[in-house]
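What follows is a group of structures, each given as structure tokens.
Below are two complexes that have subunit A in common, paired first with subunit B and then with subunit C.
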Partner chain A sequence: MSDVVTSSPAAASSPAAPTGAVTADGRGGRTAGTVFKAVVWAALLVVLLALPLYVNEFWLRTGFVVFGAIVGAIGLNLLVGTTGQLSLAHAFFLAVGATTYTYLSGSPGGFTTKVGGLALPPVVGGLLAVLAAGIAGLLFSPLAARLRGIYLGVASLGLVFIGEHVLNTWTSVTGGFNGRSAPGFSFFGFSFSDADKPYLAVLGVPFGQSERLWYLGLALAAVSYVFARNLIRSRPGRAMQTLRDSEVAAAVMGVNVQAYKARAFFVSSMYAGLSGVMFALSVGSIAPESFSLAVSVQFLAMIVLGGLGSVGGAALGAVMVAALPLVFQQYADSLPFVAGVGEGGIVAGEAARFLYGAAVILILLFQPSGLAGLPQRFRRPRRPAGEVTAFTPGEPAQGAAPAQKTEDRPTQSS
Partner chain B sequence: MTQFLSLLLNGISLGVIYSLIALGFVVIFKSSEVVSFMHGSLLLVGAYSIVRLQDPLGFWGGALAGIAITGILGLLVDRLLLARMRGAPVISLAILTIGVDIVLITELTRLIGPDILNINHPWGGQVLHLGSVGITANRALAIVVAAVLIAAFFAAFKYSNWGVAMRAAAEDGEAAALMGIRLGRVSALAWVVGGVLAAVAGLFLVGSPTPGVTPAVAAVALRAFPAAILGGLDSTGGALVGGLLIGVAESLATGYQDQLAFLGRGFGSVVPYVVMIAVLLVRPSGLFGTRELTRV
Partner chain C sequence: MSGATAVGAPAPGDAGAQPELRPIEVEDISVRFGAVRALADVSFSVAPGTIHAVIGPNGAGKSTMFNVLSGIYKASSGQVRYGDAMLTSMEPHRIANLGIARAFQNIALSGTQTVTENLLLGRHHLTKAGFLSSGLRLPRATREARRHTERVREIATFLDLGDKLDTPVGVLSYGDQKRVEVARALCIEPQVLLLDEPVAGMNADETQRMAEIVLEIRDALGITIVLVEHDMGMVMGIADRVTVLDFGRRIADGTPVEVQADPEVIRAYLGAGDDSGDDAAADSEPPFPSDEERTS
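After this line comes the complex of A and B, so read on.
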């Protein structure tokens, strides 16, 4: 008993030791730092809002893909980075979301393979899809709650292959091997696809599908970001972090381990479901090969690059991993090491995979807190090497400070 | 009945190949706490180097060289990457191997391209008949070679200095280090063994009746994962049993595909994962794995 109490908070607080002075939940006075941050955020938001007026369709389409990836990455990060449950099943939950949306909102028909569909309004279909993915996560969680660490990682691997098999087999819903097209999105009559939309122009720029989807993606990504950030800072978030640092310590502190694991899976899968819906919208169709193990690995790469446990880091990683192949593809001619399709040499997709594969290795070796931890590295004197663990949370001040507080209390009273 | 026996025999031959791969996982996990998600690509590296080297060196020379290359690759991964991260969380180590896997598999896919490369096994694609039960010479030989290798492995594990050192290191790394066992050397050797076993498995896995070397072989090798998990990640005997179980289950499901039509075509390749999840539901640490106890 005593062993746990003394050892685990120490482990949790060690990365935070140099930052201990930061207020626990950011509620402290408005320092220059917070004002600076607010300005940066506002500037970023303005730029993102104004972008569709200036850039061409390629960037807008890439943007929507990236927004979808950000949502998915934030979700996986809540599970892997914050709660410490290694999951390779993210692609499966993406598939659940994408397929449910396509089935519920799609219309029955199909040319070669007959597919069913309920033709519900896309908003309803989307919401139910997110819920369905969450429920799939909940169904998996009894297994997840019993398995520890690496066993969970491998068991979740199985889910991806089983999911792919179902996608290939359940033709009436998924369209089978060739997939089926996904219905466009509309919001109470406001269409987000190029079909049946009234002409709309803002400041002389016609707003077509890609412009509209950009704003939809931006809104969804922003909501996902804020929700995850608040979740991590809240009581459940701290419980999840304690769970990651030590299950025993968490149980001793009164955290219901099984319930919290199940909830983490639930939330993370809902994120994955939303990301899946956005994927279906961005591609316009779904097919089993879009939800293979490689996709799970890609999401894992995103959160490792960004920094495990950091919401902003996950978003940053998602931008890199999701945008790289598309950008390489677009600018293959002007990039020296990337060849166009059929030219021999390294094509865009491969170049991107080499890059983020190597980046994952290098980040884990030399910068375990990921991109999110970079500013910290330059701001403060370097910590002794021994203290740095790969699971240094991105925002250590929030995660560790309360643990430290609870630990201090008995010491002060005695 | 004949069909059943034939499927069973082929399942066993597939199973011993899975066992070889799974043994590699287990040895690596025991000695260094690393779960190698790169075993699929490691196996593919072995198979691919054998294909490329069999022309200049002949089949036997190519096979030996390919197996050696894979062993050395394992060694390099351990020495250059994992050795720098000793003591990092298990999940970080696993993700590191995923990173290596991304790079390796991308390069191999690029090298192999859309072709199917064939290893010219001297035993070719002929079929042996035991009564009415048929099995390809390749698979029959796989059973023999795997049996020899596995027996040699268990003997070494039990009696050799390395085996004793490794069991000590797995039991309590710190105490073993204090007793003068070099943990770095133990894990390096484990990676070599893991690489060699994977390459040998690859040699047989790409022979008849399966088509030759394609990037998809890496996915086949991933099915050894359920085998290792099923038996218990830290149990060498478990890897053997798990491999056989998975192999037989897969073979039967593929063979009786018509009777199992309601589960969809190609269900055989998913069976390993279904079996794994079913077993894990009942025994979260696998059949023979040590249960994790938490002492407070």
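After this line comes the complex of A and C, so read on.
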């Protein structure tokens, strides 16, 4: 198996020597990079783990919202950025997750509107909610066989409208227009809400709901991140990326195109479902207005900002888009142009939207690979052209945003 | 022939990759796009283990023929049989699973992925790792990936790509990308290799090298190769048999020598004022994209 090349002496001799040299070089560079990356990750993890000991409740609550957004953004990026299937239905799948969790684990009752509930353990309710969202995605996926690009996006829009209508009218499950409160999370008796929890303190810092949820969110986001990262770099990930770049090529290489689109929808919606459950936990209730089209658009903004096809980019984008409005709100007094609640002028939420709206435009114009591509940009000048060995899979090359590739059919020639 | 067995040997672990060569029978294939008839009752057969070329002027229907063979287009009538398998009623990925691989003329690689990753796609039907085992990095998934990466490296080296394995395909030269196309098709461990204009836009040296590679593949692997090509010199030099198409019809079929002497073929290529394909398939088949520009 060692002597590969057949009868041609030219083929045998030429690649042998350079192969060793270049690979060694490439590995050398990558080892240094890997160590650096590992250190950065470790430092980030330590900071994230230690944070609840030092910061106040506002930041912890914001953190949990951001973790939920990260999970959702990674899920949408798997579908849109990696597989190339435009979806505006992400808010719908979030709603399926949040509502299913609330109904399955919630208790029947309610003050003004009567709602049902199965009062299942929150872990069971959460898992079933994620599964339900996945199945909803799976059921929608056959449309992707017929529709591509913007048409698929518009078709998925329908789901959001249907979802909002159902949320408003199916009162016994969703609580109707006013919504209903969501049950707190607990894990084998360990409660993540303020209700009936045993006192717990670490290093003298009492661990209440926000501290506990912080760690729950961190764990869920980390697992989601690692799973997606592994997925993209493996057999299914390669098939998904080829599906995005050329459906015909994927099919001819033996990829069952329809089955793969279905799986991409399934996984992406499961991420959305988990994100929905986390959203319900962070707010403590669900309401139809939380799952409007604007939410889908926000998730799209996250992945475009972060970088289509990049898991890390999705996380970065989620941090920006989810945290900005909350931070602006909190520090409205000290920020110029941002008005506090009840004052005239630009309120925090709008200010944040202006900011990331402008950021999306700038990114699309000048940095199509998103925030995730920035390191590449600064590294580039030092490298000779054509030697991009530190390129990581799943991060689109500069100027080659995958969403722009719409040409699917093979160009004919004969 | 020891080297030949090295390339020909199936990768460790994929059982049943023993070449079982079957003939391809194309029978009365017609393809219509609306009112345009891209192919009209074309028949030919490809003997196992031969290099069979399909040639013709622009718009003759060569690539349409390939799209029928690989399942991208459905024939309006007629059938293609591969042994006892009916290719005309199969989906593209099932045809790939039969060991029929195709290299695209207009490179259809993922530019952001490295050469290795592009080639590993060719191993798709030989591997099993699913979403769960890949996402969790289960040992069997990583072991499988490592094993197939070895085989991919062998095939890349065979096509002079051994030193470019970690390079994103998008930054490679045109000639290199064409060879990655061929390498990816070979990674399927095919019994039939469909090459769509493998030397289009290549310079003389690259063309010469590609011709050598095609012959080497045939000799080393003993597989059937069907070739669509413009470059007459290359076709006549390496093909065992040639089918000539013009305006979607078969106008000749025979050995290179027979075909070259055929008056109909000479007329099609040098014909009086025949600006080839100006109406027959102009709608359905856009002219060459940018091959010429890309090489310049």
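Methods note: the second predicted complex is superposed on the first by the 352 of 414 C-alpha atoms of A that agree within 3 Å, B and C clash if a C-alpha of one lies under 4 Å from a C-alpha of the other, contacts with A are read in each partner's own complex, and residues count from 1 in each chain.
In the analysis below, a residue touches a chain if its C-beta (ideal position, glycine included) is under 8 Å from a C-beta of that chain, and two chains touch if they have at least 3 such contacts.
Please read all numbers here as calculations on a predicted model, not as lab measurements.
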Touched subunit A residues, subunit B compared with subunit C: C
First, second, both or neither for A:L300, with subunit B first and subunit C second: first
Contacts of A:F161 with subunit B and subunit C, given as first, second, both or neither: first
First (subunit B), second (subunit C), both or neither touched by A:V267: second
Touched partner set for A:L78, first subunit B, second subunit C, both or neither: neither
Which superposed partner A:N256 touches (first subunit B, second subunit C, both, neither): second
Which of subunit B and subunit C A:S234 touches, first, second, both or neither: second
First (subunit B), second (subunit C), both or neither touched by A:V248: both
Subunit B versus subunit C as contact partner of A:A372, first or second or both or neither: neither
Subunit A residues contacted in one complex by subunit B, in the other by subunit C: 1, 3-4, 248, 252, 389, 391
Footprint of subunit C on subunit A - complex, ascending: 1-8, 10-12, 14-16, 18-19, 22-23, 26, 227-228, 230-231, 234-239, 241-242, 244-246, 248-257, 263, 267, 309, 385-389, 391, 393, 395-397, 400, 402, 410-414
Complex contacts: residues of subunit C adjacent to subunit A: 2-4, 6-7, 9, 56, 58-65, 67, 70-72, 91-93, 95-97, 101-102, 104-106, 108-114, 117, 120-125, 127, 129-131, 134-137, 141, 144-145, 154-155, 157-158, 160-163, 165-168, 170-172, 184, 188, 197, 200, 209, 212-213, 216, 219-220, 228, 245, 281, 284-289
Contact set on subunit B toward subunit A in their complex: 35, 81, 84-85, 88-92, 94-96, 98-103, 106-107, 109-110, 219, 222, 225-226, 228-229, 233, 263-267, 269-270, 272-274, 276-277, 280-281, 284-286, 292, 294, 296
Complex contacts: residues of subunit A adjacent to subunit B: 1, 3-4, 80, 84, 86, 142-143, 146-151, 153-155, 157-159, 161-162, 165-166, 168-170, 247-248, 252, 293, 297, 300-301, 304, 346, 350, 353-354, 356-361, 364-365, 368, 389-391
